[in-house]
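We call the chains A, B and C, going by the order they appear; numbering starts again at 1 in every chain.
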Amino acid sequence: DPALHEAMGIDKKYRSIGIMGARTGAGPHIMAADEAVKATNTEVISIELPRDTKGGAGHGSLILFGAEDVSDAKRAVEVALNAVNEKFGDVYANDAGHIELQYTARASYACNKAFNAPLGKSFGLIVGAPAAIGVVIADTALKAANVEVLAYSSPSNGTSLSNESILAICGDSGAVRQAVLTAKEVGVKLLETMGGSAPSVTTPYI
Amino acid sequence: DPALHEAMGIDKKYRSIGIMGARTGAGPHIMAADEAVKATNTEVISIELPRDTKGGAGHGSLILFGAEDVSDAKRAVEVALNAVNEKFGDVYANDAGHIELQYTARASYACNKAFNAPLGKSFGLIVGAPAAIGVVIADTALKAANVEVLAYSSPSNGTSLSNESILAICGDSGAVRQAVLTAKEVGVKLLETMGGSAPSVTTPYI
Amino acid sequence: DPALHEAMGIDKKYRSIGIMGARTGAGPHIMAADEAVKATNTEVISIELPRDTKGGAGHGSLILFGAEDVSDAKRAVEVALNAVNEKFGDVYANDAGHIELQYTARASYACNKAFNAPLGKSFGLIVGAPAAIGVVIADTALKAANVEVLAYSSPSNGTSLSNESILAICGDSGAVRQAVLTAKEVGVKLLETMGGSAPSVTTPYI
């Protein structure tokens, strides 16, 4: 409806809007949206990260795709939903908290909008909750490989008051992958020491 | 105590304060407070909406009534508490999220304070969580009847970082009711597709 | 890592960082950190309070200690972790919410950083959730003894959108203790009226 369009502050050129959101998994949804804008004729209008996760320590998501054509908007949501499962692959969780790793060889507009990732370059995400775990594995990642820090977020800076520390990195694809995988190894061990077995939510993809 | 009165920034003319709050149900408590100020010699001092709902996607509430007389403040809290149950009537919830509808033929000072509702006019509220559901049913509502948008809120604009989209509308009472009921029908179906049966929390009142 | 150090905005003089955090118990962790800086050659770099508590109404914590020497940072974390259990002693919780009382005869740098507590003076903390309980027991505390209000926080002012009201007080140690204990008595009764038995999380220490 045009009145809602205006109240939401969306550019009128987007005649069709694709809507995706969930109570858990901000990172997986952003990465899935990144695949969707690569594959379709759409743009990412907005990415909002509520403080949610069904009682967990992190964020939910609300992501809007804009298109001139309704079939493009639909297709973007489809592609993204198909990719979400994979992007939960390096989320490891137990009662103590969770860690999340994301990696792409070529970042697109969703990673750019959310984390200022340079387009077409390798990008990685290292998340730990509670935030103390995130600080430790961010440090681990940066010591493991020569990558560039794009952003560091913590409960009162850059997150939606979530109990997470988030490190976004870019650089050479081998180095980014190495940093992410080293953080994962240390992070899973830390989590498991605190709260028992912390399996992947789906299947690891990195 | 006067020191607390001052630290809370409350006008000294309110010699008596009525306090109401809960972990869940911001909308129901605001609507109940609206009935209370209609029925008593009190004013709504403040409405605060924490990010709460016992692990759910929405808000809790802290509402203060001000009065010169202690019996008026007490009476406001009583009236409001008696009305809360009814105002939960069009909250529908399951594991996937919730939707909430509110409607009044004549908005009073609580709706005015919280949503800028014009006094004495018909007012409606359309809430969906996760926020993606809220966007869809807000659109549905505005297409269903000729009403005016008072406010649109989303996780990072106007909510307390909750995973909700909230549409506040006013207009002709028949149109507002129609918009709200259409949103409810679509919203309950969406919720039930995602998470199974989503019954009313109490008994529908609209 | 130096890149993380810089992204976190930490002064370079701290060559070693001690990290403490949890999903629940902001107050207990701050009070435990206060003991740690009293006992070691460290400083409190930052205290962040995410909106967390595993679905509860309050905050989690992320506290960083800075030191020039790694053994000092380590020792601070050790001392703090050993003190946490005691500082959970006057947290009382049930399904309806929680109250928390803290008291120290001599506040140090963590209480100073978090609540502006005067160094070396007696300090007390009175927390209630949902926030409506906090308002009531804050009032009770201030009526019970002649103490000074340092800060009053509520869901939208001074908390991380948590469903808590928090009163920080200082003054004569007998008066602070008296205010805190009176708030506890009233608060536990209120909580138990609303949600049944509300025992101490560990063992009361005040």
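Quick note on the criterion: a contact is a pair of C-beta atoms (placed from the backbone, for glycine too) under 8 Å apart; a residue touches a chain by one contact, two chains touch by 3 or more.
Since this is a predicted model, take the numbers as computed values, not measurements.
Enquirer: How would you label the chain A and chain C contact, same or different, if same means the shared numbers make up over half of all numbers there?
Expert: Copies use mostly different positions to touch.
Enquirer: Rounded to the nearest 5 degrees, what angle rotates chain B onto chain C on CA?
Expert: The best-fit rotation has an angle of 120 degrees.
Enquirer: Taking each chain's centre as the mean of its CA atoms, how far is chain A from chain C in angstrom?
Expert: 32
Enquirer: Can you list the chain C residues in contact with two or more other chains?
Expert: Correct list: 51, 55, 161.
Enquirer: Could you pull out which chain B residues touch chain C in their complex?
Expert: It comes out as residues 1, 3-4, 6-8, 19-23, 48-52, 54-55, 60, 62, 64, 160-161.
Enquirer: Help me check something: in the complex, which residues belonging to chain C touch chain B?
Expert: Within the complex, chain C contacts chain B at residues 51, 55, 57, 96-97, 129-133, 135-136, 138-139, 142-143, 148-149, 151-152, 154-157, 159, 161-165, 167.
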